[in-house]
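The letters A, B, C, D and E name the chains in turn, as written, and every chain counts its residues from 1.
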Amino acid sequence: MANEPEARKPLLEVKALSKKFPVYGSFGRLFGAKQYVHAVTDVSFTLYEGETYGLVGESGSGKSTTGRTILGLTPVTSGEVRYRGQDLAKLPPKQLRKLRRELQMVFQDPYSSLNPRKRIGRILEEALVIHRIDDRQRRQQAVFRILQIVGLQPEHYFRYPHEFSGGQRQRLGLARALILQPRIVVCDEPVSALDVSIQSQILNMLRELQGELGLTLLFITHDISVVRYISDRIGIMYLGRIVEEAPTDALFANPQHPYTKALFSAVPRISERGLKERTVLKGEIPSPLSPPSGCVFHTRCPLATDRCRSEAPAWRETKPQHHTACHYA
Amino acid sequence: MVENIHDQSQLDRLGQLGRKLRREQRLLSCFRLRTNYDLLIGAAVLGALIVLAFIGPLLSPYDPLEMKVLDRLKPPSAAHWLGTDEFGRDLLTRVLHGARLSLGIGITVTLLTSLLGLIIGVYAAFYKPLDHILMRICDGLIAFPGILLAIALMATLGASASNVIIALTIVFTPSIARTIRSTALVVREQPYIEAIRAQGATNARIIWLHIAPNALSPLLVQAAFVFAEAILSEAALSFLGAGIPAPAPSWGNILQASKSVISKAWWMVTFPGIALVLSVLSLNMLGDGLRDFLDPRSKRKGKGSRRVRRVAP
Amino acid sequence: MLAYLAKRLLSLVPVLLVITIATFMLIHIMPGGPAAAILGLEATQSDTDALNEAMGFDRPIAEQYINWIGGLFRGDLGDSLFLHQPVGQAISEHLGPTFSLAVVAEVIALLLAIPLGILAAYKRDSALDQLVRSLSLVGMAVPGFLLALFLMLFVGVRLHWLPIAGYAPLADGVWAHYRYLILPGISLGTIQAALIMRMTRSSMLEVLHLNFIKTVRSKGLRESKVLLKHALRNAFIPILTVIGQTFGTLVTGAVIIETIFNIPGIGQLVINSIERRDYTVIQGVVLTVTLLYVLINLIVDLLYGAVDPRVRLDRK
Amino acid sequence: NGNNNNGGSNASGSASPANSSTASQPAAASYKDSLKIAVTAQPPTLDSATTASALALDIAGNIFETLFTLNGNYEPTPVLAESYEKSEDGLTYTIKLRQGVKFHNGKELTSDDVVASMNRWLATSSRAKTLLEEANFSASDATTVVLKLAKPNPDVLVLLSAQAAFPAIFPKEVIEAAPAEGITDYIGTGPYKLAEWKQDQYIHLVRNDDYASPEGEPSGFAGKKEAATPNIYYYFVPDNATRVAGVKSGEYDVADSIPTENFEELSADSNVALSSYPGGTLTAFLNSSEGAFKNEKLRQAAVAALNDEDILLASFANPDLYKLDPGFMNPDQTQWASTAGSEYYNQNDQEKAKQLLKDAGYNGEKIVLLTTPDYSEMYAATLVIQEELKQVGFNVEVLSSDFATFLKTKDEHSKWNLMVTSNGYQLIPPQLLAVTQSWVGLDDAQVKASVATISSEADPAAAKAEWDKLQGYLYEQAYSAVIGHYNEVVATSKKVEGFSQFVGPVLWNAKVAK
Amino acid sequence: MSRSGQKDRTALLDVRGLTTRFATERGPVTAVDGISFAMEPGEIIGIVGESGCGKSVMSQSIIRLLDYTDHVSYEGEVWLSGEELLRLSPSRMRKVRGNRVSMVFQDPLTSLDPLYPIGDQIAESLRQHRRLSRKEAQARALELLRMTGIPSPEQRIKEYPHQLSGGMQQRVMIAIALACEPQLLIADEPTTALDVTIQAQILELIVELNRRLGMGVLFITHDLGVVSEICTSVKVMYLGQIVEEMTTARLFANPLHPYTQGLIRSIPRLDGDRRRKLHVIEGTVPSLADRPEGCKFVTRCPYADAKCRSEEPPLETAEEGHRLKCWYYREIRSGAREATQYGE
């Protein structure tokens, strides 16, 4: 799947992206923000044409925010997002709206991301209407086509979102993202609301479609087994930062960051042995309002030293294509 | 397989299917309607009142304004089914005409407040700076008790039906706007709004095609209450002498006049009182029924999507 | 806490500005003036003009407003043109009866509404529930003034149980005070009861569906404890909101009931002042009433904190 | 009601005459020590010189006294005065004051106080200003004052006794200390002192223990005043139904201004006694200064269309409570009662009205009737008139607003054409609103000349003749038309004794059995 | 282990033919359909199954928490140490809840009363069942908190649920459940709402407590990985029925029911070949309102035939401690039966 490194064409480059959400104090907006939620800090990565990049992390680590800022759904605080050379953050709204055709998103909760009062046909057609594509009849045909592609029946055109099962809704979310024939699709936890037996249907479909349509995927998830299955490269996020990035096989064969190691070991594994030996991380994830100094992971890291507490580790290539932010990797 | 979707017969078939599905949908809501007694009774009583208000006076042999002072305050009889008032006018005719005015004011006020409230609420929810200005004004208006505001306005504008409507609209709009705003604020944060924005929709499209329709169902319910409140407030204003000026009959007017003869002419307070209570009751029932009808929880018995993960603190 | 209070008070400033300016404009657009009202039907135009000039109503509105605001900063609401006392005093004298009445009405409403609301929610769809729901619908549909007239005729005039109108201050004795307030209290309380009952029922229903009710039950607690200690307290915030709102409207606008039962409260003061075109009193009352409304809301907000730790202090 | 209730000179008008029983004197213990009376509103002030509010004057009458007052026969009778002398030319009155009268503050009454009070009254009271122009009081010694007039006036003593804006005697210091808006320090010489004025609730009066009463059988406002009940409470009860229910239930001992609707109901109540006294006239004023009614024919058409009987019945409910009579003055007052113009009164002649309309070339112009719901009798009468005018083909609209707005609109003559008001009786025709230009803009040379003649004519018969002519002229020109005369009704509990009424309730000799 | 045929007085819990129905607008629905099983003291039994298959309803039926829901009816018997729970009076039942059997729910935040400090909530059942004084109860609550491994419990005990993180909230839930030292702990998806690293902490805690206190644990989850880590035996549920039950080891080594097989194969495994397509169970779970006749899995089963559609298979014992509901498991195991509808 992953093309040879030399042949890879960068499609989307994220450079030092940061996003802070202000938290207002008792005087509201009057006296400015009191504190900031550091949702995403200094995140950089590149999406190459046709690949799937997996972003993994625990709840609140900033995965969704990364995805949303990349698509300009929420303004960046600093950094840039370059899509085919254009900085999306600096684009006027009108042009950004035009570019949306090529940058689509599949949302985490398939039910609440479908307007409950509209029939599926209308929901899927709306994207075409917005971009003034085709006439009425052709649009309808396009919808039938896309329904078929994601494995639904033309009959479903006339139904309301609540008349679908979870897996079907997720297919609808996908259909909506794909109907504009985008080049990049950000999938924000597209399977985490589904049962295992349905999850595999969606994952298989996603992989097939990617191959057929030549999509580039940014796949966000907290499920390590899923991300391993779907991605070519993986970034591990912790507290708003990417702490490690590597091609999938390399990462699983040889995780270097202590957090990655703990994460992998915490995953309940199907085995016949019963409770296995593992590194259970102590403590809780720190608050993004005041991230720890130095290495953000030092509060829970079994190997932390004084250096970790004071000095933020640099982002460095520890192996070919394998980057880690740890002093001791 | 993908190809044969494009042929015309296939499209026709789907068109038919769509019609069938829509019919089913309609049947389903018919069913939900049939078992919604609040809604049915409320609508029936209200409908009956409206019909009576508009055709009743045509059937009555009396003029609501014609005075026969010698016949004043006669109890109900064959000639005057509900008796006569203090000027010898036929009470039934006046109550029916009063229904026109009272219900008419209710309807107009409801439409005006809903429209204004919707516009103010939706825009306030969408545009932050506007929000602050609009909501401060609304706060101010809400903080000042409605009936007093209405009385002051009536004193300023002078008593007339249209001024009653203006006054009541000013009184009721802020709270409607607030309700709409709070729903719209919730709707605005819904993922499907973000989803449609991600498709490249313009703000106007988002506001009017997505936020407004979804903020509408609380409005419908509240509209029924505004309707009821407007009728009551008109009566209260008239009762205080600040409502519709006589001789035009409104329920409030008739009740106001009945106050001084209450121990002598029970019919003057009883019948318009019943009409008033009945209409407000039916409106409240309608509102309740509507809420149940529109409440998605009453149709989806099961649970929504599961395993929604905990949001970070 | 203090910061929170300061914030609330600060956010009041624009509201008050809006309100006072609006009232000022409103009362000055009102036709007629205080002089005519003081001098009566048969007064001559020149008398009226002279009095208006003496009272300073011939000057530009903006100037009058600024003077008034200036007075406000010195804590001076001005003097009533009609009542022979300062506006502040007039308001405080009229506030007492209104407040007493509101308390009586609210107590009647709560005693009726909360238990019935809880029972209706607990026995959902039972006959009792149906009854409570119908009662609350009817309660909301009967206008207070009709009920008041009925009570006055029946309980006051026919049965002679209670005085039909009037008011005695608490200083005259507890019973003397409250006997005047019972009938108006019932007239006012019924509608409030209907609203509170409704809210209690629906809020309880919602809470009873929440997960933690299962936890509490899984501990083996008695139902009374489940309902009162856990469910009711959790359901209480919306109920409190309604109580706050209804109490707010009671304190600021029991106009009709006060008129019918001749209770010298704020509602009557405003009505009379509008009739008399007693400008300074109208302005003063509007200001007070707004402040009161906000104050009641503030108290309710602080009570939220007492009920629910999550909204304590200045958390938004 | 805010009308002023000036008495005429004849007391026989009361439907149920004053019951002034002072005969039986049961032990004091069996009477209540306070009397509660429900009145319609809070008076604007108790300073009688500055107000025309009947209510204010009723209450103030307990606190303040005048030099002269009217007895039951509407004759001026001394109160604080002891005697007077009139000069030959009728321009000088020398008035001797009664000795030993003390103000509520303990100060003895002197001529200085009288001069100060009377001159203030001459300067502030609008009646005195117009009818006693350039008159002046001075003190000749400590117990004698002298009134000098610019021109002779046959009615001087009547004016000094008048109930409207009556010339109360205040201590001189109080007058000097008074602010521009009027006196606020209510110190008088009357049988009661002001104890408390609870704004918008009640006025509490207590007996003046140092009171020096004039002698004589009580009659009208004159005669002996006992202050029989130690405390009097005037409660302000604006709602009619509440006043009625209150007197029925015993909450109040006396209820003023009983709505006529409740007359029958209260007559049937065994606990309540009703009494009534002539209240005034209900009069239609046509706006001849601007608008459609500038046209005399249209005015006449409107007056021709009136069915006064219906209007009165609708306004006062019970035929016992009103009287059909064309006179502008109190029909019981022999000096001025007149039936001139009766052919134009209560015509109810629709044909004539229609004919006049046609003659006038009426083109459906809108006729606006101005009224206010705050006065139910004016309001009801207006509604009936509207209906009656409609019947003959007028295009009529009612302009109704609250009282304050009504007062304002009344002075904007372009906004209305006809208005009905209820007015208390006047003592002499020149006081009538129907001839006052500032009232509705009546501007007619003949009317002015007549008024001048009446106020300066020394011969009563000639004055009367002139007044007959003037009343006839008012009707003929349809400037205004009396609709009828009405009674005011007061309800008292049967437990009340010694209550009487003249042109208002008289409470100082009343007591309430336990 | 006891066979459900005879009543076993030594069993901690013996559920026999438990059926739970709800009356809904569209008629009665059967959420739990004739479930029978037994468990011994100290056992950890896992119950797995997809969303809506009746896991929660089943567990809540055991302590009759659904009594307060509208229109619920139970059939069958539930024996807890020789006492039949379904026929107990409400007041006797209350003495069982929180005392002899307690529960931990899925979402800790919404399962704690937000308005009371956590100490009070722990103390509540102690005061109810043990009649402890306020002070004693608080002291015991502190002890319990410490036992669940919450840092600085003295301070936390006064805090409110929203002040705690999800992991800590779940520890509080566990402390509440353990307050009266129950014989049986029912844990209904206690880790689903938590992050993996936190989940690991909670699982460790439950296992440790089970070992130390010797109580039985009924562990409900949809996560087969979790089951494999902590449970001794496992029951697989589908549409209100137990379709297969066995020891955990066999579950992954030798599942026999086509549903269980499909389930296990469709999980992306950390050690599997990630380039292969995932196995898929086609179709979706039917709604309770239209449960198929015959075998409940028939709509999604690749091996189903007419018999499966009309006749419901019994719960058969395949081997000692391994029972399942399938007409053709032998043929499928031996490879004699080919997939009829869906190929791989």
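Rule of thumb we're sticking to: a contact is a pair of C-beta atoms (placed from the backbone, for glycine too) under 8 Å apart; a residue touches a chain by one contact, two chains touch by 3 or more.
Bear in mind that the values here come from a model prediction, so they are computed numbers and not experimental data.
Participant: Under the stated touch rule, with subunit C ignored, which chains end up grouped together?
Facilitator: Leaving out subunit C yields one piece.
Participant: Across the interfaces A-E and B-D, which one involves more C-beta pairs in contact?
Facilitator: A-E
Participant: For subunit B and subunit E, what's the span in angstrom between their mean Cα positions?
Facilitator: Computed from C-alpha means, the inter-chain centre distance equals 49 Å.
Participant: Between subunit C and subunit E, tell me the centre distance in angstrom, where each centre is the average of that chain's C-alpha atoms.
Facilitator: That gives a centre separation of 53 Å.
Participant: Quick one: subunit D and subunit E, Cα centre-to-centre, how many Å?
Facilitator: It comes to 92 Å between the two C-alpha centres.
Participant: Which positions in subunit C are in touch with at least two other chains?
Facilitator: Touching at least two other chains: 30-31, 149, 153, 157, 259, 274.
Participant: Where in subunit A do residues touch two or more other chains at once?
Facilitator: Residue numbers touching two or more other chains: 59, 166, 222, 285.
Participant: For subunit D, jot down the residues that touch at least 2 other chains.
Facilitator: Residue numbers touching two or more other chains: 241, 374, 401-402, 404-405.
Participant: If we count contacts the way the header does, which residues on subunit B are in touch with subunit C in the complex?
Facilitator: 136-137, 139-140, 142-148, 151-153, 155-156, 158, 228, 232, 235-236, 239-240, 255, 259, 262-263, 269, 273, 276-278, 280-281, 284-285, 288
Participant: Taking the complex as given, what residues does subunit B use to touch subunit D?
Facilitator: 65-67, 69-70, 72, 86-87, 155, 158-159, 241-242, 245-247, 259-264
Participant: Enumerate the contact residues on subunit C facing subunit B in the complex.
Facilitator: 14-16, 18-19, 22-23, 26-27, 29-31, 137-138, 140-143, 145-146, 149, 153, 157, 249, 252-253, 255-256, 259, 267, 270-271, 274, 282, 286, 289-290, 293-294
Participant: With touch defined as at the start, can you tell me which subunit B residues reach subunit A in the complex?
Facilitator: Interface residues on the subunit B side: 1-2, 5-6, 11, 14, 17-18, 21-22, 190-192, 194-202, 205, 210, 213-214, 296, 299-300, 304-313.
Participant: Taking the complex as given, what residues does subunit D use to touch subunit C?
Facilitator: Residues of subunit D touching subunit C: 2-4, 42, 44-45, 51-53, 126, 180-181, 184, 197-201, 235-239, 241-242, 245-246, 248-251, 374, 401-409, 411, 421, 423, 433, 438-439.
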